[in-house]
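As written, the chains take the letters A, B, C and D, and residue 1 is the first residue of each chain.
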Amino acid sequence: MAEVEGASAPAASGASRVEYELQLYYWMKLIRGFEERVSRLHRQNKILGGVYSGAGQEAIVTGICAPLQEGDLVAPLHRDLGVFLMRGVDPGRLMAQLMGKETGLSRGKDSFLHGGDLEHGIFGSTSMLGSSLPVAAGAALKFQIRKEKHIAVAFFGEGTASRGDVHEAMNFAGVRKLPVVFVCENNRYAYSTPLEKQMAIEDVASRATAYGFKGHVVSGNDLLAVVELSERVMSRTREGGGPALIECKTYRYRGHSEHDPALYRDKEELVEWESRDPIPQYEFYLQKRGHDLKRIREEVDARVNATVQGAVEFAEQSPLPRPEEALEDLYAPSGSSATAGNPRGS
Amino acid sequence: MAEVEGASAPAASGASRVEYELQLYYWMKLIRGFEERVSRLHRQNKILGGVYSGAGQEAIVTGICAPLQEGDLVAPLHRDLGVFLMRGVDPGRLMAQLMGKETGLSRGKDSFLHGGDLEHGIFGSTSMLGSSLPVAAGAALKFQIRKEKHIAVAFFGEGTASRGDVHEAMNFAGVRKLPVVFVCENNRYAYSTPLEKQMAIEDVASRATAYGFKGHVVSGNDLLAVVELSERVMSRTREGGGPALIECKTYRYRGHSEHDPALYRDKEELVEWESRDPIPQYEFYLQKRGHDLKRIREEVDARVNATVQGAVEFAEQSPLPRPEEALEDLYAPSGSSATAGNPRGS
Amino acid sequence: MEATYLKAINQALHEEMRRDDNVFVMGEDVGELGGAFKVTEGLLEAFGEDRVIDTPISETLIVGAGIGAAVLGMRPVLEMQFGDFISCAFDQIVNTAATLRYRHGGQASCPLVLRAPSGAGVHGALFHSQNPEAWFTRVPGLKVVAPATPYDAKGLLKSAVRDDNPVIYFEHKRLYRSIKEDLPEGDFTVPIGPAELRLEGRDLSIITYGGTLHQSLDAARIVEKEGGLKVEVLDLRTLLPLDREAILATARKTGKVLIVHEDRLTGGIGGEVAAIIAEHAFDYLDGPIRRVCALDAHTAFSPPLEEYILPNTNKIVEAIRELAAY
Amino acid sequence: MEATYLKAINQALHEEMRRDDNVFVMGEDVGELGGAFKVTEGLLEAFGEDRVIDTPISETLIVGAGIGAAVLGMRPVLEMQFGDFISCAFDQIVNTAATLRYRHGGQASCPLVLRAPSGAGVHGALFHSQNPEAWFTRVPGLKVVAPATPYDAKGLLKSAVRDDNPVIYFEHKRLYRSIKEDLPEGDFTVPIGPAELRLEGRDLSIITYGGTLHQSLDAARIVEKEGGLKVEVLDLRTLLPLDREAILATARKTGKVLIVHEDRLTGGIGGEVAAIIAEHAFDYLDGPIRRVCALDAHTAFSPPLEEYILPNTNKIVEAIRELAAY
């Protein structure tokens, strides 16, 4: 059985560590700021279709993505907008993606987070929950076959854990000891369905043993704890230690999507979880570490605002795709990269 | 972690228990005798298509089906021919099924064990391994909704355990505490694929904890142990104790199908397992209980031969279906049993 | 009483559950939430947790368990939260359910309904806009319906619940709240099978179903107004089995056939309909059989792309003019 | 060198794996066993465990993991042990793989091959006889091929491996050991796309693919012998995209079209082919477009039933006679 892992100070220290910790703060704030703006734009009808907020869960994406390296592959799910920001996708292009603009990741083809960006190591997942876990296992298989020191990371919700795809992926990862880390964001609800209707156990992480690897539980609202754990787990996986499952306990602030008032939830529960908000928790830590929080917060807020504003402006000024582009990008030009292999023989 | 459960004498005793134990012996021998004949008929081209022998695994079907009651639903898989015999399907009709005759369970429509017989509580599984587990869960759901004291039983191989369907079914069974017993016949191979390429753990049973119920491991070649365990587990499930998983460790004597010489296996391994054959083991037990084994064996062999011979004769004399029947039984007459519900209101 | 398409479905569920306590509803968030679209609203309150079952996110389980309950005499009405996710339950539908009776020598049946909210035009993008019907219309043992009006939505759902076969029921999301109709009081059904002539004509036939029925009717009115063309509009309603007689009757009557559906051109049901006509009404044809369907692409998200891909009234009007002039 | 259909596939795998070390093979029992049909025989010995991967029984994983490796530049050749089990991987194929490039704004590709042994006539019954091709030919983003000869089997597989799109490769089980052909030495490919005229004629066109090509050719020879009828036989080979030009050319040339496939009538590819002709070659038609296909049932097991359901040379001859007399 997995136990909740305690937070401890990050492994490295010194000046670069300080900078790194401030950078984590910026990321978490950027994600929150960006998503808040997205919700607003949705209300203003400037973003159409389904919008799924990760508000309250920012520490997870931040802590999980922080130790990633170039060449790693991540498959985010619908609440993981932060993954795009942290992996270096241009905020403007991301906002353009959400608005269905030509400059978006999918050039207007798909909505919200279903556009991927392999240049930044992001696999765009379909809506079919859980289907990205086999894909992540396959990416890890490539790293293994090629003896590359990369890892694949797949995010999924505790509701998604019920899908057969998740089982098949984890089992295969266990058998082949693949370099893949599965990250469960357990926010206790899947749309309206509470945890106890989703599974008869408390910790998704405890399923890892059924596949022959280790499951870890961590408070998903405690950025330090998430970072510390993900650094440790990922470097083990990267070094050939095989797959791992990290379960982050958290809570979804908003409705399932922006259309959902979430009346099925207890208001008390929300208040309780808001009191565990990851941002003030982390701010308290920074203060304890001797930072001038007020100054930092102002600075970061200004940077976040500017970045988000810039992204919105870029996206709004970007053109919509031309209608005929609907028929583009369905197929790769036949054999275009067939010669990119390693031709041997004649 | 599940541990191997030790065999002990069956719970009940007295004259009826003695008869019951002899009946178990008959069943096990009948299954072996019937399947041996099937293999032979296949070599003689009297049975076409895929034939999958359960030789070596007879104690499992026998021990699992023994405590079943009328009204329970069983979903056997490809190696569980014995389920049909034990549930009271006429051996002649079963043989006719294998020969594609009009008198077979599916009237010649499907091959081997894909014909079901709901009259005897047998759901005919498709070839798609694992797909019968959600069905069994659904049958159990019906028993639960209707407050009937029945159980559903689904057989599956350790290879099948890798399918997503198995996960979805077990998870749901756990959540709803359904009256369903999952029975894994772990014969260490799935076609040519050995256990260690199928999963990174030793016991399929240990997965039950991931779904909030208990997994049991038993020697599948020890009929007494299987019976004792299945009686205990099933009566608990029947009384509302929720689902359970029973894993029976065993070995497949023959190739994957009758077409397969199974060259990928070590011959030593086969010899080792043949030395654990369930029939002599159980014969030894009967002897210890004071039975005149020689007499019993002769009697039982004679009964088995007569039954099998009768079945073959019935099947061989049965007509093939008429060609035009190919278009029958695709659809139920519309609404034929719609009134069989419990009409209320106007 | 006037009812939206959505309300009509909801009413059918309430009434059928009241009529027969073998009927129960199962799916993701169908209980307290009343489903993502509120189609199952009020059922939990009326019938309790044993008959309105929230499942984990397990499409294969939903259908598989529905089958298990159905063979034992229950009448499950299963929901895919979006029709797109039907792909996750594909094997259970096309293999377990569709072959069940055949495999059991006619001694078992599988009376389940699988509701699948489908269709585009709501900015749903690739995975919330699909029209999966043609994957299933090629599978014997299944029935497939796709109502286009509140009346049919209610009547066909009732027939589906009472049918002893697995019925896939495609309800078009865009119609949920956009169309209303006066429904008769009391119980009524619409039989599975027969198509419905929505508009009589003589110059040209449109054969359609689901979301594009309304666009087709609009187009027919436009061309009549502008040039007096009398277009006949046939609503298939049931997609498996197809109403071959009605299809052939309208083709023979007008001699010119335009097939319209929101599903993609290639591999859509239109191909099958065209083939039936080209084989059995060949001598009556006065022009090519034309199709107005979604283009052969995924349903893209951005409005200019989605609009370009999907059929609409204008595109239908255009095609009518061309075909009429042939 | 003479090779069976099966051997041709095996050769293509050996040669492509030798040519490009991004190519690897993955599926159930593809390693030591060499696959249920021995199609992957010898690969493990030649290329080792990293490139010939036995998986657990997890069809969704096989395809999903193939996609994950493919987007990173590998070229997986995946095997479904029987094509029938493709239903268990359905979502990954039609949603993850087929939409991948579209969703990634053209900046990603998914060069995988999914081999699916399909087809009936081997006493395989309901779940070892299926012809699943038409489920996939309606999905943009996929390519679908179905070779009917050893030469095409080898050449199309090589093209599929080198193609940057997901290609579903249907190989007909009945052909594995029943047909042989002299194959040229050295590397050759057959392009994905073009159909192949197998027999020139003038009186009537048969359009077919896969297992029924051979029955169609036999039928053409029979009717020529008996009455001098010149039947043209077009082998589609690639089912997505269809070779519309070749289809229309033969239809325009002979004016009478008979479509033959082993897949079921309703919802088979024949409907789409007929629709293309009825729209674009209408003026050239001298008779109804006919189809000889499997009846609308599951492929039953018992020989009289299976025979009744499946198309065969006699049924084709019959249809040719009728259509020719029209």
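The working rule: a residue touches a chain if its C-beta (ideal position, glycine included) is under 8 Å from a C-beta of that chain, and two chains touch if they have at least 3 such contacts.
Bear in mind the structure is a predicted one, so any value in this text is a computation, not a measurement.
**Student:** Tell me which has more C-beta contacts between its two chains, A-D or B-D.
**Tutor:** Most C-beta pairs in contact, of the two: A-D.
**Student:** With chain centres defined as mean CA positions, report which chain is farthest from chain C.
**Tutor:** Relative to chain C, the chain with the farthest C-alpha centre is B.
**Student:** Determine the centre-to-centre distance between chain A and chain D, using the mean Cα coordinates as centres, and give it in whole Å.
**Tutor:** 40
**Student:** As a quick test, compute the distance in whole Å between the mean CA positions of chain C and chain D.
**Tutor:** 30
**Student:** Using CA atom averages as chain centres, what separation in Å is found between chain B and chain D?
**Tutor:** Taking the mean C-alpha position of each chain, the two centres sit 37 Å apart.
**Student:** Hey, how far is the Cα centre of chain A from the one of chain B, in Å?
**Tutor:** Computed value for the inter-centroid distance: 45 Å.
**Student:** Among the residues of chain D, which are close enough to touch at least two other chains?
**Tutor:** 55-56, 58, 60-61, 84, 87-88, 91, 95, 99, 102-103, 126-127, 140-141, 296-298, 300
**Student:** Where in chain A do residues touch two or more of the other chains?
**Tutor:** 106, 109-110, 114, 126-128, 131, 162-165, 168, 171-172, 175, 197-199, 330
**Student:** In their complex, what parts of chain B are in touch with chain A?
**Tutor:** 162-168, 171-172, 174-175, 177, 196-201, 206-207, 209-213
**Student:** Looking at the complex, which residues from chain D come into contact with chain C?
**Tutor:** Residues 84, 87-88, 90-91, 94-95, 98-99, 102-103, 126-127, 134-135, 137-141, 240, 242, 264, 266-268, 270-272, 274-275, 277-280, 282-283, 285, 287-291, 296-298, 300.
**Student:** Would you pull the chain D residues touching chain A in the complex into a rising list?
**Tutor:** Listed in rising order, the residues of chain D that touch chain A are 15, 18-24, 50-51, 53, 55-56, 58, 60-61, 63-76, 91-92, 95-96, 99-109, 111, 140-141, 143, 159, 162-165, 186-187, 192.
**Student:** Write out the stretch or stretches of chain A touching chain C in their complex.
**Tutor:** So the residues of chain A in touch with chain C come to 48-50, 100-101, 106, 108-112, 114, 126-131, 159-160, 162-164, 190-193, 197-199, 264, 320-327, 330.
**Student:** Where on chain C is chain A touching in the complex?
**Tutor:** Residues of chain C touching chain A: 28-29, 31-33, 36, 54-61, 81-82, 84-85, 87-88, 123-128, 295-298, 300-309.
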